[in-house]
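Let me begin by handing over the structure; questions about it come next.
The first chain written gets the first letter, and so on, giving A, B, C, D and E; residue counts start at 1 in each chain.
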């Protein structure tokens, strides 16, 4: 391996930060879903990178789990989007603020 | 490899089997099955599960509070305690739903999701591997995302679900990230090995360990409703169907503590950090924000949601002083069990209100004592128990928590301050609980008694008996929690 | 000869009965009253007589100098005992109280006839007598205090007996003010005033008692005397005089001495029988009795080298000031009962003066006897005067002397008896008890040899002049001159002014006659008393008298025991006072109103005196109005604002504000939430890293 | 006499549902007599148990927090007896008073109950049924309240003590909230909130002590040696917590509201019996268990007591509502208790406890007469009252005896308490040569004059003076109300003349406490 | 060298991540996200984990992203092109992002991770299978339940008509 572990981890941290940024700023539900996916992928990157450098199989296994679960999550998220869209004709999360205070 | 007859596996089998079978049956019956029958099937499964937990406990097949194991799951008293609490909550939810789900679509899916979520909660408590923990965590969470948004025609429900989902997804991602870091520096996903790894960590790796612990706090703290990760919580609890709010407040929240205990506390101890103060600060923030925000809430469900934030703070007291006082963790466990019943009963009472009267607004509760005496009584008793008024069960666990905090004062200066913040907060909480009691009992004279849902009555009676009995004679539960409490310093080694 | 005699059971029983009987009567009277209101009077008089007889039975013992000390367990948890101590002092006192009370009770059967609250009256009268006898006979301070407060309570109840506050039951003139304080008091107000003012003295007395108890560990008089180490200790910490003075404070309150004298005047709102009882037998005499009880005790400490001179000086001066202060006010007051009340205060001042001066002289027994003798004689003539005044009120229906006048023809008996008693009060020479007792006081003061003797003597003589004057004035205004418009109006309305009923005049007649009768043998009576007390003091307290006065007297014969200067002053004082009074009120040669207005000095003096030297007003301003203002200010600006609003509303608002702030952060926008989540993550990580 | 105390404490609790049922099914009178009989039985149990000196019962409870015990010693016996005696007679007293109250409520509510918002007509509840229902609830709560108070003074374990301490609050809160006077809801909440805050602060102190000792049982704590830094903090927490209960100056604001608003039988329990339990706890927790700290803090307790005495008295002068006068008077009286507790002297402490007893008697009488005024006259504003002595003679006599008890005039029991506690303060002042204590003693004496002033003024404005014309038809109260008052009035005088009834228990205890 | 490859993939990943969030059109954003996911898969290959990389491409790029794209297509055109977050929030977000990036980066960079390299061969992916079946099997079962739950849940939510509810609605309409 010519690349060092730190390289991958730094990329992962950058992706994490971008993901958090997306969640904190974006109003479109779908984009927020993008952001979540970016964070999960950052974590997966970390896992696999660590797994390679240890080296140990557990990280890869976990990455597989994590990918599958992310898929499940996305499915539910998208279903919620569809419900919301059906009701409001809108997927701007910032407009979903009847619950507050 | 874990024994096939161990408690978590059997629960997984029973509940998972029924959980998967219900939708299948539904399809087989062309969606014509009656809600009650699905409900009863669910209930039977849950009772079987809880029965098995108790059976295993009674037969001493359960390890006493062994917090680690070589396997992904461990059949210990700690997990059993949580399992009992979670299953009780699941039973509450199921029974409460009998009336709530009347004339609502897709009961089979609804009950199946409750079962799946219950499995998740139970497995979180039993998990001793980070992967298992994470999968169980998601198994607990994902069905609840759906359940919160289950009322498709209700914009509020959907909004609650979206907020919940966004937070949940982010929190899951953060947890994976944390796990990845912990895995990266210790080379294992088994919690025992991770902790051991933490203990022998190079000095220059410790920041990564801290980072991991911080991410666990954030990720699990989201479920626990710790400030500042609590923002979704009141919105979701308010918007969710009240039965599901029960599940969230009384159930999944506790799973957060189980996870935090296994991972955060142990990890922190292993890292020999000065983490306790951080948790203490969060505890005080949490209880203060929760209780203050609960004052003047107009919506009963929302008020209870804030109150459950407050209670997260109390429970966290026990965690934060766990290394200094023997009874701190014990108090936390006791309070978790109590809170499951108390908050569960309160939310189920709300469900009863919604079913029978379609109100959650506090002003509309006037004269409730006349309209629904048993529900009101259950609500009052659970509120008083939540406030820690003796001789109700809540008192004892708070007593142990605050006592532990004072006890810790001999080691750390801020220990007693936690207790002071705690008692002042529980006094403050009386202000809004009292307000509800006032509305129900002291106001409104015109109301006539209406028919209360039987399922709600059953739950109310059970919880009243539980709260009062434990309040008067808490010894069995105290003993059990003692049995279930891991010794924090000595028990680090697997 | 005066040896310690262990009293027989029976004699001790009599001593107990003296004070228990009235209480028993008080208990059964309400029950009797349920069936027959009239019988309550009979029960009361009967029990009063039984009590008096019990006292009389013990009288021979007193003459022999014997004493009875009988105790029973009381508060055994603290080791306190209750008991009676019947020594000559208390037996004589018990007789005076018992018999005079008995007469007053007889009088009351007539005076109170037909009152619908008669049962309450008898109850409290008996309670009053019982409490007084309890004071007299108790053998320790705590038990004495029970009686002490009992008389206070009874006086409260009886002064405000006519609690419906009808106009004729008030005292003072409606609308008159001094320094903005109304000089017009309702019965309920007066009762409160009396109770509270005497309570001020009582708490001082309590403090004194406690100080002594703290050192001596006992309240008992006998025990205190038996071992005087407590006094040595107290004196070492210079607490003895304060304790003694505090005890005297109780006497000041009860006996209406300066500066706690003001309640006595308003006490006139009660039925006249009550006034008679308060002034002659019970309440105000309690203070004198207390001083007589404790004075020898403190004087006897001199033997242990502990001087209590300051204590006696204070007593003497308080007595002297009170005597003069109240006598002056008696000169100008238009209400007959108030004149008598002022007179009482003034006379009690004499007694205090004598008892105080006793402690300052070598011959303790002289002043002691003088004071006590004056008390006895005062009890007789003042009871008589009050009852007679009650008759006048009863007949005329007004408390103002200006509403009377010219009654000597219409009420001959009363006229005669009042002269007799009045002369005793004036100190008419040789035939009245008042003369002998006053003379004894003058002599004791004059001979005490103390540095203060002369000023006090001058005050005493001056007071005697004034006493004679106001008594003459009273007689003149009531019985001489023309009939007042009030009486003319009454007669024109068909009321016939006539003598009071027999049940009323007989009691005060008896006392008036006794006054003169004992007056005739007054000197020997005093000598006997002197002798008795000399032995009593010697035996009980170890106070010896070195010689007997008058052995080298310049006066001849039967007067040889007297001090010529005192005797002379006494005669001159009587003559001056009576003469002046005769000029203004009996002869009516000079119009007093013109005389006062003739001179700015007299006018001012009259006004000051009429306004009670402004003492009452000052007391009201500083102890009633000022505290009320303070309370009101505290209530308005502290309790209601700071505490109530601040703590309840303020706390509520603060929490509400906090709730608003916290709820304000909960905007409902998911992005904000997520932002906070991210920031929180950072925060947690940073905390952990730091 | 096995389980005597257990019965005395728990029978009222266990049978309170029965009281409810009897009230509801049989009627008001039956519920009254049932409650009365039950409490009478329990009172007899307590008294017989207390006759032969110290009496104890122990039952297993929890491992961590110790056992469940009931102890009737020299300290607890007078408290316990007074509490149950008051409860017993007030059960009887409640009958006419609460009947009046229920009927008042019925008039307020019943006409509205006929129609519902949706237009349907309800069968209107008959007055009798309404009263029966309400009285069922009332007596059930009454019994629980009694049980809570008794349990508090009998507890032998810190936690047990705290539990009872709070348990008595709940029924009191409900009683005020259900049948108090306007604005009852707010006041009930305020009352609950304040006292609960006090209680939790107390709890902190209890926990600190218990955990330091390692046991919560009184017996262990009494023998234990606790590090001083913990003790002072704990003692301060306990004193503040109990200060709220005692309504000491600064923490008193809930009391005038609560006592003014509560239905009078409950006022007559709250004020004399309940708040004084704070004093009991001070005895037990501070004086007995933490003697050293007690010695250090006693001067402050005394000063606090004097401030409370004056403040309560001054405020009582300013009130127009008769029940608020009594409420402030209670504050002032609690100042006396604090004052006495602050004296480190056997007699002072014994006096303070006697003061509790006599305050219970006196204030009970006064509140009960206020109740008669409310029922018979219909107003409690002092400016509207007057001259009622002729219309309500027995009430007036009882009120005067009550007032005398509060004023501390012999031969009422008030004097017995007062002289002992004042003497105690002076004794310590002289022993220590402490000028502050001497000053406090003097001020305390002045405060008695203040007490006397407001009491006499109150009597004057209620019973004396001119009778307003609209009161010319006022009748004396029912015997249900008068006879309990007469019992108390008699008792206060008997106790005033022969205080050994209680002192013979109290003194040995106090000597033991201070001697040790 | 591989370094350039790494750099290239890193730039691709990060830039497309930013683009996914910032592009005006949601559709292009979705495609950019696929770039990110693909980039991650590239990293996996760099890390000698072809199995995971394959899985990543199959599950993520193949199904999730497509699913997302379909969903995007479902919603209205205006919504797809809307971009209206307010500037303040945006700057705050960027600030937070930078702080997180820098602080976490600094932590990571200063820790022991910065010097880890390895020359050991990558693990055999048969080990993964063994892990699954021997150690993680309960987790696998649980995950199956997760998937089952999410699928049924998502289906129920996304389904347009619920029979019971419709019946109720009909009943209400007839009222």
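Going forward, a contact is a pair of C-beta atoms (placed from the backbone, for glycine too) under 8 Å apart; a residue touches a chain by one contact, two chains touch by 3 or more.
Values in this document were obtained by computation on a predicted structure and should not be read as measured data.
Steps from chain A to chain B, minimised over paths through touching chains, total 1. Greatest Cα centroid separation from chain D: this falls to E.
For chain B, the chain with the farthest CA centroid is C.
With centres computed from CA atoms alone, D is the chain lying nearest the middle of all the protein shown.
Inter-chain contacts peak for the pair A-E.
Note on chain placement: the centre of chain B and the centre of chain E lie 29 Å apart, centres being C-alpha means. Each chain gets a centre from the mean of its Cα atoms; for chain A and chain C, those two points are 97 Å apart. Taking the mean of the C-alpha atoms as each chain's centre, chain B and chain D sit 42 Å apart. Note: centroid distance chain D to chain E, computed from Cα atoms, is 68 Å.
In chain E, the residues that touch at least two other chains are 85, 89, 92-93, 96, 100, 104, 107-108, 113, 136, 139, 143, 146, 149-150, 153-154, 156-157.
In chain A, the residues that touch at least two other chains are 9, 16, 19-20, 23-27, 32-33, 44, 49, 51, 53-54, 56, 58, 61, 65, 69, 72-73, 76, 79-80, 83, 86, 93-94, 96-101.
With touch defined as above, residues shared between interfaces to two or more other chains in chain C number as follows: 663, 666, 668, 670-671, 674-675, 677-679, 681, 685, 689. Contact between chains, using the touch rule, shows up for A-B, A-C, A-E, B-C, B-D, B-E, C-D, C-E. Within the complex formed with chain A, the chain E residues making contact are 1-3, 6, 10, 13-14, 17-18, 20-21, 26, 29-30, 33, 36-37, 40, 43-44, 46-49, 51-52, 55-56, 59-60, 63-64, 67-68, 71-72, 74-76, 79, 82-85, 89-90, 92-94, 96-98, 100-101, 104-105, 108-109, 113-125, 127-128, 130-132, 136, 139, 143, 146-147, 149-151, 153-158, 160.
Interface residues of chain B facing chain E in the complex, by the touch rule stated above, are 1-2, 8-9, 12, 16, 19-20, 23, 31, 71-73, 103-106, 109, 112-113, 116-117, 119-120, 123, 129, 131-132, 135-136, 138-139, 142-143, 145-147, 149-150, 152-153, 184-185, 202, 204-208, 211.
By the touch criterion stated above, chain B contacts chain D in their complex at residues 327, 384, 387-391, 395, 399-400, 402-403, 406-407, 409-410, 416, 419-420, 423-424, 426-427, 430-431, 434-435, 438, 441-443, 445-446, 448, 473-475, 478-479.
Note for the complex: chain A touches chain E at residues 1-11, 13-22, 24-28, 30-31, 33-35, 37-38, 41, 44-45, 48-49, 51-58, 60-61, 63-65, 67-76, 78-83, 85-86, 89-92, 94. Residues 130-131, 134-135, 138, 142, 145-146, 149, 152-153, 155-156, 158-163, 165-166, 168-170, 172-174, 176-177, 179-181, 183-184, 187-189, 234-236, 238-239, 297, 302 of chain B are the ones that touch chain A when the two sit in their complex.
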